[in-house]
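Presented sequentially are two complexes of chain A, the first with chain B as partner and the second with chain C.
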Partner chain A sequence: MGREIGAGRASPSMIRRSASLLRRWVAGGGKRSLHSHLRWAGFFFVLPALIHLVIFKFYPMLQALRLSFFRYDLMSPPVFTGLENYKLLWENPLFHQSFWVSVKYMFGVSIPEWFFALGLALLLNRRMPGRAVIRLAYFFPIAMSQIVVAMVWKFMYHPFGLVNTILETFGVGRINWLSMEESALPALIAIGIWRGIPLFGVIYLAGLQAIPKEYHEAAIIDGAGVFQRFFYVTVPLLLPTIMFVMVLSLLSAVKVFLNPLVMTEGGPNGTTRVLPYFIYETGFAFFRMGEAAAASMVLFVFLFGLTLIQLRLLRRGGVE
Partner chain B sequence: MGEVLLEDLTKDFGEVVAVKEVNLTIHDGEFVVLLGPSGCGKTTTLRMIAGLEEITSGRILLDGRVLNDVHPRDRDIAMVFQNYALYPHMSVYKNMAFGLKMRKVDKGEIDRRVKSAAGILGIETLLGRYPGKLSGGQRQRVALGRAIVRDPRVFLFDEPLSNLDAKLRVQTRVELLKLHQHLAATSVYVTHDQVEAMTMGDRIVVMHEGVIQQVGPPMEVYQNPANQFVAGFIGSPAMNFLSATVRAEEGRIFLEGAGFRVPLPAERSGGLEGREGGEVVFGIRPEDMRLDAEGGIDGTVEIIEPVGSDIFLDLSVGGASLTARVESSVRMSQGERVRLRPDPARVHAFDPATGATLI
Partner chain C sequence: MRRKTMLRLGGALISLLTVGGVVVMLLPYFWMVSSSIKTGIEVFDLPIKWIPDEIQWVNYPNALSKGAFGVYFYNSFVVAFAVMAGNLVFCTLAGYGLAKFRFRHRELCFRLILSTLMLPLEIVLVPTFLVVRELGLVNTYGGLIAPLAVDAFGVFLMRQSIRDIPDSLIEAARMDGCSEFGIFWRIILPNCKPALGALALLAFRDNWDQFLWPFIVATTDDLKTFPLGLAQMEGIDSAAYHEIMALAVLGMIPAAFIFLFFQRAFVRGITLTGLKE
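Entry: the complex of A and B
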């Protein structure tokens, strides 16, 4: 109940001495050196990431930009051709086809992901037995190697694979999913959605759990039902997460490469030749490195523009 | 009307019993404060009244209607949350109007009620702003406004002042009381701050480990605590407790321990009958002692704490610690020996085993 005094207490003279030392340190060189130390410490903390960024991201990007103005086949020296590669691209119907395949794939994968992932997160956010195990199970597809996923799905889409076997029980005939123009891209889109939902579900879940439960409780007392709480409380408070998921899902979808490479090689008839595959094919199959670099630049500008539009929308929605 | 009745109200979370057989009647228009330390069950009780927590057993009635299975929106109650829970994406106006909008109240009526409540709280100029742009005090008023517009039968407050700084807390406390007088609605207020409880409540309900310890008007609880827990919890600085032995000499009863010997008047010693020679806990509040050379408590001054109007002396009495409040004009020095005389009418004694009040 009482306070311990006496033996452990500092004497007034000791306190005075310490205070004067502290004052001198703060007023004098101590302050400056502390600040400059902190500044340098911050710089050194970000330095490894900065080095990585410069060497492995910015430098190759600049090289690609430079290369896009040259004709280069990996064997003879590069020849400067100005905007010739961009002109060739513009005149290449395969490039146009690839661009639209990419756009179809991007929205075909992303839009269902936004909704299904949110639905999954809302389900997993509820109290239920074995929630941790269920969450882990849903997260599992992300942990699998992408090449393994592509191989497994290739077998599953085989005319005698699992997908057709299941469909057969419902009376649907066997379909050669990856060899038909109508079904190849939807088949790849389905894999993209399957793989993306858990990742974005987890991001949504984190967003949902960051909403303080008092808002929902206040809304319950205010008389809001389940749907009203969802639209008036959950969605507005989840908006930053929703926008983040939208940007991330579009960017990751448009960069898809391994699945078309392993499963369809861009076929049939280029219906699954997405832009990254077109770039790969132009550069490493036809050795037109300059044209491939120009296509990379077009893809970059497209993604950059898309991201800017989304960030603008994000700010307009009052989210920073 | 707004009479709330809690009957054998119990809530357990698995093995842990948060609220245990609480029985309480809160009268219409009364301001009742649920007071206790963290984890005492006061907030759980409030949340059960609100309908945010399921009831394990017992009943809650509002004006005779059993609320156990009534949805929170249909209970005709409003709640002010500890962190205000103002929707950050809605303006002050929309925050206040939300409850009425959900109840499909006519737009004109919503506008009238929001503006009227804003007028009462002096926040008319804030209606277009967002909660993120408001100060703590302003948010607090908006949270109150959101409750007022609903014109509920019962207001529930969950530590609404705990996020305010000390000065604003005192100011808002007074405003809340004025508001209560103006609205005359039944209010249940949860706090762990005994000063808030003492100043605001018509009655205080002191809770500890899920059980009601005492219910009564603030001064009644302060002066006649039901047990040692209540005695120690209410009052700042807290009541002093010293281990004592009951002595009977020449027909008088004394409480005796290391460094003190306190005689008790005959009319106050009834509770100690038959305990001669036994151990009790002697309790005395800091303000119930005065300096007196003939006093029964012998102590050494260890710390002197002047607080302006008074001085608190921390004394060592027979190795134990004791706080006394003396007038600000008194001059003391550390290490000085003093004697204190307790007011015999204000001496308390508690059973050391059960904590029950003996006198």
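Entry: the complex of A and C
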């Protein structure tokens, strides 16, 4: 059962060869002379984690690539079909829809997060009475479980839930947020933003606190106003944090799965079927493992490309 | 004079914004708690009564009896603590190796480990399941725990904080004939307690909360974790909002407890993973 899938083993010589190849680009350690047992000790400390990641990350990744060229339903042995899975995906309108839903969700969530979280951090960095309590109140939601959030918001979005009750006082009619095509995705995006702001706010706040006070004092002496100080002192010095938040927010938004699953089941009409949901459904509901693996590869290439672009921007921003 | 009133007005506006933000952030949770002590009919009553006339504590036992929640809570704790332990051991060892030793391909090892951040479970879901199945671990605690036991973020966090421990401490111990593991145990661990605490908290929170992986790998009722149990109960009885909210309140307690008691370590953990370098 599943021989072709599980039996492959990366040969040590292959790993060594690729490792030495990569080493040319990598500033290698080991130049300084030390007792050899120390080198081995260091390597042995790293080894357990490395083995784990090989088994549960790199090997599965290679398997995903391999599997994407096979037809496999968990029962009968896998059949090599070449690029068939990719062709099926390309011709599947649901996959296209799913891809764009994911893109919309990602940017819909992360772009507002960048600004709101920075705003929050600036607010909390000010001196004000009761700052510790206010910070506590803002950061508390970070600790909340995803499932609790999903349940609460499903209830919030109920036709007679709190969201509609509040909107009604402003004269807006009751909306069944999660079961209308136009509103389901925006409703989920709103939750994503609401959830992300405190988390990225903490990261920004730490970045703000790391900026030495002397810079601001010098700028004040030179007669810079609030906005000038923000754009010429805060932003440039915060750039590494800003870049980090951008990467992290996109990466975490693309992984969303629980909310579409328990709140909308990918509906109505697939308008909230994000890519991870598509992968889950294809693999574990329809048992088309090969196609699911192919979809995973597409998602991976997309993520990888996005990260590369961001790293490029990061370099250009003078952050190394 | 005019400038002063402008400033005061601005300050008042900012304070208002701050408080408004707190309300937006916390209101859903208040509503959750409030609904969990109402009857199924009262939850939709208008105008909203935040504290009902008669508090329905009975919702809690009623909700708990709608599934094997004792088992689900127990499983969540087992998974969260086991994954936390795995992360503490493996990430700290690896972090130490990467921070304080020079060996061939060290940078490569570090980059390989970091690169797994690009391979979240969502991407390697299908093949990870196949690996776990190959190992015969579907529907076992081992299968629930093993794939999560090392997280690259943890390695990164530990490496960063162990690097700040002065080399002279390690050298001195080495001179005194302390073994390499002895150095790790007596010098490194006591000197990176804050980072260990932060790592433990983050690991606990993330895995108490783990949904996708148990959802795939635990199909029998006796292995389901709390999030799965709650989602399942909601699927069956989706109109019983008062009871769902009661369960949500219970599910919130461990995280809230941890946050309130270890707030500083928690926030430090989040920022440590993001900053420096």
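By definition in this document, the second predicted complex is superposed on the first by the 277 of 320 C-alpha atoms of A that agree within 3 Å, B and C clash if a C-alpha of one lies under 4 Å from a C-alpha of the other, contacts with A are read in each partner's own complex, and residues count from 1 in each chain.
Just so we're on the same page, a contact is a pair of C-beta atoms (placed from the backbone, for glycine too) under 8 Å apart; a residue touches a chain by one contact, two chains touch by 3 or more.
Bear in mind that the values here come from a model prediction, so they are computed numbers and not experimental data.
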Side-by-side fit of chain B and chain C on chain A, or clash: fit
Touching partner for A:Trp40 - first (chain B), second (chain C), both, neither: second
Which superposed partner A:Leu258 touches (first chain B, second chain C, both, neither): second
Which superposed partner A:Tyr105 touches (first chain B, second chain C, both, neither): neither
First (chain B), second (chain C), both or neither touched by A:Met156: second
First, second, both or neither for A:Tyr232, with chain B first and chain C second: first
First, second, both or neither for A:Trp114, with chain B first and chain C second: neither
Which partner reaches more residues of chain A (counting touched residues only), chain B or chain C: C
Partner chain in contact with A:Phe70 - chain B first, chain C second, else both or neither: neither
Shortest span in Å between Cα atoms of chain B and of chain C, once chain A is used as the common reference: 12
Doubly contacted residues of chain A, that is, touched by chain B and again by chain C: 2, 5
In the complex, chain A residues that touch chain C: 2, 5-6, 19, 22-23, 26-32, 34, 38-50, 52-53, 55-61, 63-64, 67, 120, 123-124, 126, 128, 134, 136-148, 150-156, 158, 160, 162, 165, 194, 197-199, 202-203, 205-207, 210, 241, 244-245, 248, 251, 254-255, 257-258, 261-262, 276, 279-280, 283-284, 289, 292-293, 296, 299-300, 303-304, 307
Complex contact set, residues of chain B against chain A: 50-52, 72-73, 77-79, 81-83, 85, 87-89, 98-99, 102-103, 146, 238, 240-241, 302-303, 314, 316, 320-322
In the complex, chain A residues that touch chain B: 1-3, 5, 212, 214-215, 217-225, 228, 232-233, 236-237, 239, 318
Residues of chain C that touch chain A when the two form their complex: 14-15, 17-18, 21-22, 24-29, 31-32, 35, 44, 46, 48, 89-91, 93-94, 96-98, 100-109, 111-113, 116-120, 122-131, 133-134, 146-147, 149-150, 152, 155, 180, 184, 205, 208-209, 211-212, 215-216, 226-227, 230-231, 234-235, 241, 244-245, 247-248, 251-252, 255-256, 258-260, 263, 266-267, 270-271, 274-275
